[in-house]
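You will see two complexes here that share subunit A, one where it goes with subunit B and one where it goes with subunit C.
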Partner chain A sequence: MKIVKLVIALLVFASTIQAQSPEEKGLSVARAADKADQGFESSLVNLKMVLRNKQGQESTRFMENKTLELTEDGDKSLIVFKSPKDVEGTATLTFTHKTTSDDQWLYLPAIKRVKRISSDNKSGPFMGSEFAYEDLSSNEVEKYGYKFLKNEQFNGSNNAVVEQDPVDPKSGYKRRVVWYNLDKNYRLEKIEFYDRKNSLLKTLTYSDYKQYEGKYWRAGKFLMVNHQTGKETELFFEDWDLKSGLADTDFSQNSLRRAGR
Partner chain B sequence: MEKLKRMSGQFGIAWAKWVIKRRWIVLILSILTFLAMGFGMSKLAFDGDYRVFFSKDNPQLQAYETFQRKYTQDDNVLIVVEPKDGKTFSKESLAAIEQLTTDSWQTPFSSRVDAITNFQHTYAVGDELYVEDLADNVGERNPDEIQKIKKIALSEPLLVNRLLNEKGTVSAVNITVKLPGEAITEGPEVTAYVREMVAKFEEAHPNLKTHLSGMIMLNSAFFEASAQDSSTLIPLMFLAIVLTIFLATRTISGTFSALLIIIFSIAAGMGFAGHLGIKLTPPSGAAPIIIMTLAVADSIHILITLMQGMRRGLPKREALIESLRVNFMPVFITSLTTVIGFLSMNTSEVPPFRDLGNITAVGMIAAFLFSVTALPAMMAILPVRVKVKEATVARSNKFFESIADLVIARRMPVLITSLVIIFGFGYLAFQNQLNDEFIKYFDSKISFRQDTDFISDNLTGIYNVEFSLGSGEPGGINNPGYLQKLQDFERWLEQQSEVIHVNSYAEVARQVNQSMHGDSLQYYAMPTNREEAAQYLLLYEMSLPFGLDLNNQINVDKSESRLTATIKNISTLEMVAFAKRAEEWLRSNTPANMHTLGISPTMMFAYLSGRQVLSMVTGTGLAIVLITIVLIFALRSLKYGLMSIVPNITPIAVGFGIWALLEGSINVGVSIVFGMTLGIIVDDTIHFLSKYLLARREHGYSVADAIKYAFTTVGRALLVTTIVLVSGFAILAQSSFGMNSGMAKMTSIIIVVALIIDFLLLPALLLVFTPEDKEEKLQAQPVASTE
Partner chain C sequence: MGLIVLRRLWFVIVTFFFWHLSYAQSEEKDLQGDFELELQFDNRFFFKDGLYESQERNFLSLAAQPEYNLEWGKGNHIFKISLFGRWDQHDDNRTHFDVRELYYQRVKNNWELSIGLKKVFWGVTESVHLVDVINQTDQVESFDGEQKLGQPMVHYSNLTNFGNFELFYLPYQRKRQFPAREGRVRFPEVVEREDFDIDSDMEEWRPSFAFRWSHYFGPVDIGISHFYGVGREPLFTGLGTESQEFFYPIMNQTGIDVQAVTGPMLWKVESIYRDTEFQDFLALAVGAEYTFSNIASKGLDIGVLLEYLYDERDDLAISGFANDLFIATRLAFNDVNSTEILGGMVYDLDHKSRLFSVETSRRIGDSWKVEIEARIFDNLQEAEFLHFFRDDSFLQFGLSKFF
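And then the complex of A and B:
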């Protein structure tokens, strides 16, 4: 029954987008994707990051990620680093905002202090990887301008390809091109990142998807390839724990200190 | 032996008759060959990358490529901005620089842009860490804020002497580019973009003047130097050649035909390069000029004899046959030795010179073939007008006779004086110093040289030495022990007189440590705890913007960091000495994992000519052996073949001695000349000795008379060809590219010295070492068997 409903919804949706401009159509895809992911409340996941340079040399790090879903503002997230040993217990707390700069704090266990990062820079490499912080933070609809490009068959599914233009002038990107899987509840399949001079910089591919709670698609693996340097980074996610019962109090500066212990 | 001689003459006659009979077919086939070979020229492309000067197995290149794989490969463009009023920190200048920095991100293949405006200024307020552009939205800043920016910038060790001078009158925007290396047009694309950008910038800001440097601009300069040579030297060379041929032969159709032969030969050499996919470089780009210079001799020899015969009253056909009879062998042998000389360049350490050698060798082979096919064919077809006149004894023969008389009368003094002078210059030759400062490859006509000199005088150094310092374990760069040693090395380098600036992770570590302790000056020091250092680094890295990360200074697993020492304009010998001193300091003061070698493009060039000289020893040795064997056969005498080594090699020693007095420093281009000049100067010896031996063997002359005979018959011709060769190389010596001009200058000197030695030392040697009383047999006798 659910699937039938979904198909009907999609058909209705498809018929409405006929009359839209590419910008409106892009925005509506983004909204639909945002809506499709609503209601997971909070998530908890362990992840492994593998950095690999052009010569195949690897470096691995582990971390834990907690996310709290918010609808009126951007999500809150807390990342705790488990390795390398030097930074074990270091944790970041981020409040994403829909229209203003995100707030970010870092707990440094070596000096047992929380430091606030007052920087608009969200595009530098995350832990030396090919992911920028902005690639990993939550995809708030308001952070981009949209333009629907085309529908495309991708990996045997029907995809909407939408261009996203970052609103933040500090973004490292001129634009991103995102593949939304229309057959799988708008889950992301691929993102291409174009640098400021509009050359293809990186491609992020999602794989090993699993559906949770009968609704939410979560990828088991992110692969980010930098085309300009030949370096790549893989993110492996253990089982996602959705609706994990986390509360606002788990995303405070105190919880940041606690998480680090 | 006489049979052989006669046979070669007969071969020449038969050849000439055949060519004349089938002149049209020969000409058409020649033209078709020219077109087929010349078609390759359409595939020629210029490779300006400085890396072309290094062979794949060059250890410095390999070390540098390994180094670049650890960090990021960075070629760069340095845009230096000079406000005419000297005020970098005026609102207007600063705002313009901010805009230029933003625009620079649009440069094709750019991965990073560093300037004073986007410098990541780090400071703290309480527990808040600020990492932000030193100067953004300059247009909205008030004078106080701009003063503050100025104060911070001028006291920032990571900026001063690198992107900003101490007085604050000149600053720079450094664009790092990563070329994918898929097409050789990538570098020129960057250059074109940057040039257009700065042109617009200067137009919009008349107070600001820009200067361009960096590795990408170096690559462009290679191209521009070559283009400059092609557009100025080649037309000049053509003019010189037309003039020379006409003056020597006095025939318009002959001059025209010879010119065609030369064009055919160039097309063959350059087409060969195109067909084989050899990329043009400044040295190999000089091949047409060298082919022209050398190919002209073949044509002149054949035409002169033709015209002499016709002036004596011979019909054109007979004169042509006579010319080929006389010249076929000498032209063949001199071409052969020249080809051997140029092929010996294949042992060179520098690939473009191997290409130059091979292209010229092919051109010379073509010149020989066309000179004995297309040239006589055309001369048989075209009308040749000539006035029959009595053979006049050239005035200059008197001059050569007097030289002969002098040598004969004072053989011992001439021999001893010559040898003393040769040994004197030979000693001086070793006083030359190898020097390959790549900026000095370009003369002041090339904008790269002007701009780079400006930068050296006003902002920072162009040369640098890189060190990748290992910590021995992943994450080890956060080890306080490592950081302390890194700082010690940095401090030591800063005290060295050669060093202008040191850029290393140590400065970042100190600044972040300070900011983490409320910007307290006493914490402007290395962190003392490894976890602390690692966590500060994590925090700092998270705060950096796109493209300004530390990946260019720290490797992936944080086990090594990079240190760059910018050094003054010193000779490459001093650079090598400096690098060795630094390497030695590391060995005596740091743990084994930090021991490393200083590397960089600068160092690659610094070691290049030393390696080149070593590699040329084999090539030159081989050339000497092969050329001597050719001479033994050509002169049909082991004794004279071996004796010829003396006048063939000594000019090179003397040439380098003279160079020591004139210039004193040798670059890669100069060091290449051994083999190639050998192949050229040997012609003098061949001509002189063959005429001498002819007189002795056929006419039964005494040694003294045979020497006189040699002087009067070939003295003038040798002088003329020397003038032709020297003027050709003198034109190439005007090249704006130092390797080419050095090579050409040295070759000119050696050719002149070779003639002098052939006129003085060679006859003296013949006189002193030939037993006068005994009638010499044609068979060879060892040189040692003397009176």
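And then the complex of A and C:
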């Protein structure tokens, strides 16, 4: 009797998988990835950004990023620029929201001014790099519509390839295609960005992954290549500090002023 | 007098700092120091000869701004020192030195306490800074009033669920410096810092107090402040006559500043009511800033700014903005060199006078920056304060190196 029940349960389960549409399957992958990354609480990391033009000329920037994980609302983050020296101390504070516009403030250290800025400019370049502001904001599930495309072997691992359509009409992309590594707790391996005319604009590749706290995968390097301009930007992350003990008070306008000084 | 004060303050802060330093070193080994230096060369050229005797036309100058930051105890103890010095070829008053910042700050969860010389900015509008009253303006350094002298203070702030509450005790008033005989953008008669009295027996030691509450509600930021003490802006009576007087009045000033964002539009309101024995008045600035972002996916942002300025002082307003419009555009190329251009005009609706300005900057390599600034005074009428500066339109070129 028990066996019959089990067989029936399995059949029902299998049929639900079968019945899942590509949209549902895509959403469930995104949800699973989101869940896999939950619980890091807060993170602290130093970044190095290398900008490279078509001729291979490089310029380098340093930043510091703090993130506070929130589940009922989007994450909070604070970025402080360390170089180039003329913008040292310039800092941004962002409160991400799942469905409404983000709240964002900019701190200008020379005149000690905190200024509210519009978060509408998602598609513009971040610090002259190939990363748009939206590429660096927190990946909230609600920000996209999903479609599962296929399973694929990528770098020797089993990957789910999912198409994401931005909900926000202000996004610079028509769609993104994302590779989720199913063997490594849904970490991201690659994203292809398609512009509003649906032609391939950029490819982002993640590498030098390390696992923290026995659970969370964090890449040591992001490489963004712009296929239309030939420019590229590398982001290097130095030692992620997860569960770093940051609190809500570390993400206020006061802490923004202190961070930039 | 000022120097003695600075020395005393310096002593107190340095003692406090080293006491904490030794404490910190015994407790935790996470001391982080950071030194920075900016060297600047600039040349300011005036299109016309000066209206007044001895004024020069071309001014070369050099400036240096070293800064040292130290933090320990997981960033809960902060010490900062920031100095500024400028040498000017002709204007002896523009050749000056200032301690911009020199303070120790203690942070604990939601409160902060700072002791020392600090700079504090309040406000939201671009063309005028009405509510910003804590620091004295470095008049010889900046025409737009954005450069400030370090202000001695004890500053306490407490962040709660109902907003940020701040208290300021400002024990000492610093006086404004004005251009010397050879300098430009000055009055017919040279006025020196020492010519200004403070309307109190305690002179510069007349303490001032300030309070500010600020909070945000979704897309809206709001601040309400009150200042009681020595006004930072001097009053001039009977200018050009035998009985002329210059002084800093005791004032009460209440200010409000609001900023809201709706999509690509920023809305700004700033207003003050100032009450002194000699005058009381209301001043207001309301405006909006709309940004067209990432135009044609090339990264270019174009901002359009419009502000209306009102001041009950009429022609007595030292700012000269009694009933004026400010129209400007901001171009940010968001390129590797952070190229930016801000061009604007203040138009006086009563006198039809115009004040144009262009500021542009661009980084060269990783540690150099060029800046070009122009200010044009056009069609200034005799009834206006700014009439004294009618021939002082200038073009400035600056080159900075960062270490």
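We take it that the second predicted complex is superposed on the first by the 242 of 261 C-alpha atoms of A that agree within 3 Å, B and C clash if a C-alpha of one lies under 4 Å from a C-alpha of the other, contacts with A are read in each partner's own complex, and residues count from 1 in each chain.
One rule holds for everything that comes next: a residue touches a chain if its C-beta (ideal position, glycine included) is under 8 Å from a C-beta of that chain, and two chains touch if they have at least 3 such contacts.
Here the structure is a predicted model, which is why all the values come from computation and not from measurement.
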item: Subunit C versus subunit B on the shared subunit A, clash or fit after superposition; value: clash
item: Contacts of A:51 with subunit B and subunit C, given as first, second, both or neither; value: both
item: Touching partner for A:171 - first (subunit B), second (subunit C), both, neither; value: first
item: Partner chain in contact with A:112 - subunit B first, subunit C second, else both or neither; value: second
item: Touched partner set for A:225, first subunit B, second subunit C, both or neither; value: neither
item: Contacts of A:87 with subunit B and subunit C, given as first, second, both or neither; value: both
item: Partner chain in contact with A:101 - subunit B first, subunit C second, else both or neither; value: second
item: Touched partner set for A:253, first subunit B, second subunit C, both or neither; value: second
item: Superposition clash, subunit B against subunit C - the stretch among 165-173, 381-389, 543-551 or 687-695 that is involved; value: 543-551
item: Contact residues of subunit A, present in both the subunit B and the subunit C interface; value: 51, 53, 59, 84-87, 111, 113-121, 123-125, 127-128, 172
item: Contact footprint of subunit A on subunit B as seen in their complex; value: 69, 72, 105-111, 125, 127-132, 178, 180, 474-475, 478, 516, 529-536, 538-539, 541-549, 551, 554, 556-558
item: In the complex, subunit A residues that touch subunit C; value: 51, 53, 59-60, 83-88, 101, 103, 111-121, 123-125, 127-128, 172, 195, 247, 249, 252-254, 258, 261
item: Residue ranges of subunit C in contact with subunit A within the complex; value: 36, 38, 69, 75, 78, 80, 105, 107, 109-110, 112, 119-121, 123-124, 146, 148, 157, 159, 164, 214, 216, 218-219, 221, 259-261, 263-266, 291, 293-294, 297, 299, 301, 334-338, 363, 365-367, 369, 400, 402-403
item: Residues of subunit A defined as touching subunit B within the complex; value: 51, 53-55, 57, 59, 81, 84-87, 90, 92, 104, 106, 108-111, 113-121, 123-128, 132-133, 170-173, 196-197, 199, 228-229, 231
